[in-house]
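Next up: the structures, one after another.
Presented sequentially are two complexes of chain A, the first with chain B as partner and the second with chain C.
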Partner chain A sequence: MFVGALYGLLGLGLTLSWGILRQINLAYFALTFLAAYLCYQLSTARGIDPLATLLLIAPGFFVIGVALQWVFARFRVSPFNSLLVTFGLTVIVESVIQSIWTADFRRLESAYGVAKFRLGVLYVPAPELITLALSIALSLALYAALRYTDLGKAMRAAAEDGPMASAFGVNRRFIALALSGVCATLSAVAGVCLALSYTLAPAQIYAWIGVVFAAVLLGGIGRPLGPLIAGIVIGVSEALTMALTAPSWAPLVSFSLLILLLLVRPDKA
Partner chain B sequence: MAIVRDGTARLAALGVACVLGASAALAATSGPPVRIGSTLALTGPLASTALVHQIVGEIYVEQLNKKNGLLGRPVEWIVKDDQSKPELARTLYEQLITVDKVDLLMGPYATGAILSAMGVAQRYNKVLVHHTFGIPSLAKYDAQFPTWSLGPDPAATFPNTLFDALAAQPKPPKTIAIVTSKFPSVHFMSLGAREVAKKRGLQEVLFLEWEFGNRDFGPIAARLKDAKPDFVWVGAIGLEGNQLLDAAKKIDYAPTYHFYMYPAPGPMVQAPEAKNALAATIFEEHPPFTNNPGAAEFVQAFHERAAKAGLPYTGVETQAAASYSAWQVLEAAVNATKSLDDKVLAEWLRKNRVDTIQGKLRFDGPSNYGDDLMRVKQVQNGRWVTVWPKEAAAPGAALAGP
Partner chain C sequence: MLELKTAIVKYGAATALWDISLTIRAGELVCVVGPNGAGKTTLINVIAGLHRIASGGFLLNGDDVSRLPSHRFCGKGIAIVPEGRRLFASMTVRENLVLGSYCADAKRQRRETLERVCAMFPVLVEKLEDPAGALSGGQQQMVAIARALMAQPRLLLLDEPSLGLAPTIVLDMFRIIRDINAEGVAVLLVEQNVAMALDIARRAYVLEEGRIVAEGAPGELTSQPHIRRAYLGM
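Up next is the complex of A and B:
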């Protein structure tokens, strides 16, 4: 369930970007790791609480997101091309991370790492609980914002029919910049959660792409609650597979679920 | 120092370094450089360990050039980045031979890439000394020379060494759980351990396999806790051992005796939950290993260079030692034969033993493997110490029980 929450958090920016901005932005995975490394650096070198590092990292990532969208808009990057361009960006960010922190493993040691409590027979580790709480809170907040606020409605309208939304006075450029900034900020949050629970290495950026894509597709593109729900379904299914059968079957779960969904309800993925 | 890394942004800086280094080297050497070509996984999932091999190669080439180079000529090491991709390693070795026209080859990092390089070396009849090949039976080329002294059948020999160590304990384990990654070079060792355990009468209470790249070790840790084995064999490579220990810690489970096949040495030794964790080794930073000629100096040089490169763990163990030994073997063959001819070098290596920092290596067994020099090490007081066999143990060290 906890790993599923992380899938959801990682997929949140991707699903919004894909569904509303029509950009399949792989660079969010790289930004997540960049945020994780920054969290590691600020915590170990400066002694800042890992969660407090978000106050420094998040605004910076919002600016990065805005800048990315500005570039995409400036060069009219199509959805398919966005996949290629952001893959290139991912490789560049990976190289930057490697040149600064080397390819060797980095582990953030913090008070959160050892904190845990018991609920009956269940063990609840603090970092994973924080991830779950943030994932639920952000998914619900974004769901509510998109559904009930004027800005959210404008975003949905722009995604549905851009020219028509513009005719009604929606500033599509501003909306796209803001949403891209928010998506990049979500990557920063995911990065801090990742740093709390996992040992970091630059090449691990790619290890998450497959399963998070599956969560995004299963959850429905552009739906803020989708990746969280699908992520938890995948995470729980993987854990059950590992607990009851051979752990080596677990990686089959996410894609089997995806194929099943495509077969049963092809319009939903 | 004369080292060329291909395709990196550091070329300009390296150019300066090469000129400066070459001028220093020229004091003792003359003539055109002896060019040694290799690839390393400088990027990609294997980069964290390949970095160790890069540092070792740089140290060795620098030391060579400070002495007399090879045959009185300076040595130039051409390193290309195979991006942790065996198929790219194949292309790059072809390029090293046909385009860069290197005189000698050095192996890449890890079994897959070495197997690729071996095919190319065989096609051009080049000697391939390599340091990290994990499945000896796959090495069919007669001019390949391994310096990771696994012996020809490590899946049988090493588990016996480990189980001997455990059997010598006051309360030897009676039950075993084997949990293993399906990464080829650890998987075959785990299957070997399973067979050996059976023959030695250890009762298997759990056997699990996971795919390399698994992220969630919680369910595996929970099944281990339920199985309550006296001894856990973890067929882990890289971070997997730490991930399993992390997951075990979260459910308050600490295995009694626990062994990890090829753990990431830094993260493992630094993790509090890894207390008394066992692993395999061919070299550690203590006597008797550091009594071998050149070993202590190398350890010191590696510490300095690794710290300068920003590595969080700067210790010398299996990877660095196997790598250094590979360069020692290549140098010994060239110096002994006064030749760069691959046929002559291969013939000499097959007939002679070479002194290395891990001990004497021979290449006259099946697949050119010699003795299994793998020992058992353990995390004790925050450092790795060799504990078995007794003649290789650190002074005063013995296997610590639960």
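Up next is the complex of A and C:
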């Protein structure tokens, strides 16, 4: 369930940029890990509270997102090319991470790591609860923003018929820049959550891609609540699979669910 | 209020419109007729700011707008009812109407305009929360017109508003267009239904193969044998 919340958080930026900007942005995974390592660095070397590092990382990542979109718009990158370009970016970021922090495993030691909350009979580690809370809060906030604010409606309209949205005064350039910034900021949040509960290694960037993609597709592209709900479904079914059979069977679950969905409701994905 | 001066419009290397000179005065109802592929939709898209002219002049209320970005045209008082309606289909009717008043000036009076538009199209009131794509063709056309009116335009562009509608609804549509014009909104109407369009227009332009081949009051145009034969079947 809690790993599902992280799937949801990772998928949130991906689904929004896919659905609204028509970009399949693999670089969010790399940005997430970059944020995780920055969080690790700032809190280990400087002794800053891991959650407080978010205040430093998030604005920087917003700027990265805006810059990324600026480049994409400048070179008119098509949806398929966006996949290739951002995969390239991911490899570059991975190498940068590896050259700075080496390929060794890194583990953030913080007060959150040992703290536990009691929920009824269960003891829940604090990082996982923080991840779940952030994931739910951000998914709901984005859902509400897209549904109830003028800017959110403009984003949905621009995704559906760009020129028509322009004709009614929607500045598409501005909207794309802002949304890309928001998506990159989301990856910063996901990165901090990742650093709180997981051991980091550069090559693990790729381990997350498959299952998060499954969550995005299961949840419906462009739907802000989709990845969270689908992520939790996948997380729970993985946990059940691990408990009932062997841990090595867990990855089977998300993809079986995905294939099943594609077979039954191909229009949804 | 609007003036195109010897405007040339291109799609890539191909020229779609040659030497277009066209004026629309405040409150006027002007129609453009011509065969399919003559460039009528291109002309409407140029005036809506969706496509730029390659050369020539384009003035709105005396300002040069030939290099103005698309999203600024709405604020200049232009709203479009595009061919095929092009509603935001997955969004509700209300959301479509709200987006119509996305521009700052229109946003301030959103509630009042929404009430006025609902009074104009009473059938839409109970459909406000339905997805726009689920409505019938005639209702979708009403939403498209209502969305454009939400922008409080001074010039309304209508591209084939009667296309694909039942004859009785077409009559309604023309009555609505005439009502809107009677409230002082200038209208540029592109229509297949030439007889009905000429009937309500003050002036008309005939567009053939990307050029304006005739213009004038409907009476003058219908007295020309060529136009009677080509467009009115007489």
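Keep this in mind: the second predicted complex is superposed on the first by the 268 of 269 C-alpha atoms of A that agree within 3 Å, B and C clash if a C-alpha of one lies under 4 Å from a C-alpha of the other, contacts with A are read in each partner's own complex, and residues count from 1 in each chain.
Everything that follows uses one rule, which is that contacts are C-beta pairs under 8 Å (C-beta built on N, C-alpha and C of every residue); 3 or more make two chains touch, one makes a residue touch a chain.
Keep in mind that what you see is a predicted model, and the values were worked out from it rather than measured.
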| item | value |
| --- | --- |
| Clash-or-fit label for the pair chain B, chain C on chain A | fit |
| Following superposition on chain A: angle at chain A, chain B versus chain C, Cα, nearest 10° | 150 |
| Partner chain(s) touched by A:T199 [first = chain B, second = chain C, both, neither] | first |
| Touching partner for A:P163 - first (chain B), second (chain C), both, neither | second |
| Chain B versus chain C as contact partner of A:G60, first or second or both or neither | neither |
| Greater residue coverage of chain A in the superposed arrangement, chain B or chain C | B |
| First, second, both or neither for A:R172, with chain B first and chain C second | second |
| Chain B versus chain C as contact partner of A:K153, first or second or both or neither | second |
| Lowest C-alpha to C-alpha distance for chain C against chain B (Å) | 37 |
| Interface residues of chain A shared between complexes with chain B and chain C | none |
| Chain C-touching residues of chain A, taken from the complex the two chains share | 150, 153-154, 156-157, 160-161, 163-172 |
| Residue numbers on chain A that touch chain B, as the complex places them | 3, 94-95, 98, 101-107, 114, 116, 123, 125, 198-199, 201-204, 207-208, 235, 238-240, 242-243, 246-248, 250-251 |
| For the chain C and chain A complex, residues of the former touching the latter | 48-50, 69-75, 79-80, 82, 86, 88-91, 95, 98-100, 102-103, 107, 147, 151 |
| For the chain B and chain A complex, residues of the former touching the latter | 42-48, 50-51, 84, 182, 208-211, 213-216, 218-220, 222-223, 239, 242-243, 249-252, 264, 266-267, 270-271, 309-313 |
